[in-house]
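Should a chain be cited, it is by its letter among A, B, C and D, assigned in written order, with residues numbered from 1 in that chain.
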């Protein structure tokens, strides 16, 4: 893909843009005929427990921003775990290794409560700024850290900031992971293709639409403000869930303890959980369970 | 216009700023006395099927953003075509050539359903960064690609990002197009003037106000977030339609399969379609049919 | 003020920051005991008729942006003038000289309808980037242009983008103007001080809060989007008016033909006008009439 | 921490990122079993009286921005003081020294009304751009200025822009302050740790969520706009208060005279005050009184 860098995109040959598009692309759908035990719809709640790494990855220069992340570990995660326990629903927690090392008791209590722990980078680094070697090394080490603390090997990954590099899919395969949850080509699960060839890796697609942080983040320097009213965020999350249910599809919701965990926002999660439980035939499960079910139904081979 | 570059705008001579303003400007209105078959108002629904080109034009570096566009082709377009079919309304699809080459079956199904296919750049490049030769070459090649896949020569163009260069109008005329749909000087159709002279080219004006992407786009790096609630976006689209109907004017709505096609947003399109059908005397038609009607009523000469 | 540039603000001497603050500052209030004819509250509606100059001042490189401004002259201004006429209320129009030269018929119809025409820069240039000589020359020439077209000498000024330079007040005084309407230190009228001394110039204060453009502007490159719902903008304008009435104060509202003039927004102006007329004892007047009344009541000397 | 600068965060040793995180961190909770006189919840209203310093700290180049801040001193503060007096509730005012020197009568009237005056930098400078010596000197001088004008030594500090540097906590201790109110690791009060060791300093945590400026600020150059409707801001402040009350916690609200003091926003403060008074068992107090109570209950040692 040397041409990619020398020419402007409108000067590229067809081979060039086709190669880029084919590098990582959606393959066959993995939406099952019926969800587990005849359920009509699947709901996957996830929490990216970034905590202090959201600022550390930028160099850790602001103690204000560090304390914003610290809130996740100190206050947010507790409200979330109590809520999930009260409603008896499982969820998936994606945690950077450094965040896990800073909060090992949190990791243990998440796993002890029956939730899934999955890979989410080393220190919330941007994959696209690393080379293959560095990205591979950081992810393998992250998997080891999570296993050491939790006693269980993670089967899935979510890239930090959903920054999926040209090397990410190769590394996922080398790690033998069951699924990724960072891409957005569909609402429902699908198989990832690498250079046009099936990989056996399940994609459980995310979308910024179903992410608490984009509506609520505050970043003095980046001109980001929490301009959207909590009511409006709930309305969006609700609409996505209702149509997922009507279509018999998958609903993946991404949240962050230091974002959704606040007093004025935690009700959104509670209402979504209540709705999911009230909608007939909804299977609320971890990413790992949903990915395994889809892979089995489709006879996927890794 | 050498003076344009050497001096600050407040130092320009009157000849300079008059020449700039006159380069491309609105001429006589093409709003007909009565719309087709005595209709009171015309509604033109359009979809810019950019898909992966939204990211390819920036170099194709992010697979996350690529998958966001891929969603348009994989999920969004299907919901849209089903909806248009259910309500039996025609629409216009503006598609970059590279997007059409990546999704030829989509193009064929759009045309087979009776919708219009029209020109929308080569790879969603910014016209204002090209010279005359490059812009001309890309647009002619784009027209050829669309014709080869669809079997029909396009009669209209919408510039990518509505980035209308000093050369665009000249190229539109050289291509013999009936209409453009990229400028915003009116709500209703008008004739374009080039250097103060009538061109016979119909402008079907757009506006960011009636564009789904500006409210809903998410761009990590550009500090863009989907801050506006779907309800509020519907409210804006609805108000524009109601006044267009009250005035007996034209209503052009621009959407994108990877934006409006999402589960929490597709209802907006459905409600607008229902409203348009419920308002008495509304003619819902393709851009091509509306432009041809206006040109005929006004006796426009190209 | 040499120290101002050599040192960091926290290193400045008291004399330095006091001199900066005193350069242009609010003096005594000009809020009269009673408004004209015993009215309880004064309402000043204003329109900044920038049209194409919003883009020309940046070099006039985008025909899309030029057409956005052109909309003001072609469509927006007509809806506004009809509305003001229907409700028989006067308003003030601030127009850059280049905009007036491009649209002399508009200027004449504004004045013929009994509205005020006032100074609003040459080509919407930023004053703070000019020196004293250039700013002075552009403003005197702008006043001449407006007088030549309208037959009347303007008595007030609003700086473009409310960019009030260290020289603006001196120039206002040299021009012998009655009032400025660009600063924000109060809701109610006040006298401007220059270097701590009374100037006799009336300030009719504006605020971004009461400006349509900040909620509705769309600028691809500056990450500005019309994120706020029209309902919310009306709600803000309404609250400002209600409290102005309750306090017996002044209400200055700033709008733009190419912003408020759109089909989905013009209702906001209509509702505000209706409210203002319905609130007991409201005096709706031009900036010039209000400033003259305040100056007379306070016995202001220029 | 030399490694911090030479390496990328993902290359840091564990010792490096642990040292950064431990520099300033939350220690034991200072949430008392019961609030004063058996109250169920504590409410701390605060106003950052920045006025002109918001622009002075950037060099004082814009008189428009200067007048935006001037509004706080001229109009906003008066509405706020009247409102607090009408409802007989105390509050804390954090004021930069330069702002206090510009408005000594305001400072005196704030203190005379029984409110707390506390430290808020010299001229609203960013601490993280200063070295230890400069930050220390500015804060000691700021404390002296406030004492000289008000006759009372301040016992607490809020950093300007909540920009807490690596030196801030050390300086707070050298100043012998009771509390800081700039960090965000919890909703409820906690003890600050420095390099992992208890400091005896009380943190009364703030959050951007409970800050009027982030929703309402307007900055032409920084692409910041007041996009959020006042109703939505009230809804957020209300939700935070309701859950604080339900949890028996602390509610810290940060406002600015030039922001909340406007006609269309002051009602938000009034409604929050009414709610706080109506919720059973709410203790509305100054930051100083709340911090002293928490420190006493926990037997904190400085």
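Just so it is clear, a contact is a pair of C-beta atoms (placed from the backbone, for glycine too) under 8 Å apart; a residue touches a chain by one contact, two chains touch by 3 or more.
All values derive from a computational prediction rather than experimental measurement.
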**Request:** Sort the other chains by how far their Cα centres are from that of chain B and give me the top one.
**Result:** D
**Prompt:** Given that chain B is a copy of chain C, what angle of rotation, in degrees and a multiple of 5, matches their CA positions?
**Reply:** 90
**Message:** Can you work out the whole-Å distance between the CA centroids of chain A and chain D?
**Reply:** 35
**Complete:** dist(centroid_CA(chain B), centroid_CA(chain D)) in Å evaluates to 49
**Message:** Can you list every residue of chain B that touches 2 or more other chains, as numbers and ranges?
**Reply:** 223, 227-229, 232
**Request:** Over in the complex, which chain C residues touch chain D? Could you list them?
**Result:** 4, 8-10, 12, 14, 17-18, 20-21, 23-26, 128, 159, 161-166, 168, 182-187, 205, 207-209, 214-215, 222-224, 227-229, 232, 235-236, 239-240, 243-244, 247
**Touching residues on chain C, where the partner in the complex is chain B** = 52, 56-64, 66-68, 70-71, 74-75, 98, 101-102, 122-123, 125, 130, 134, 138, 218, 220, 223, 225-232, 262-264, 266-267
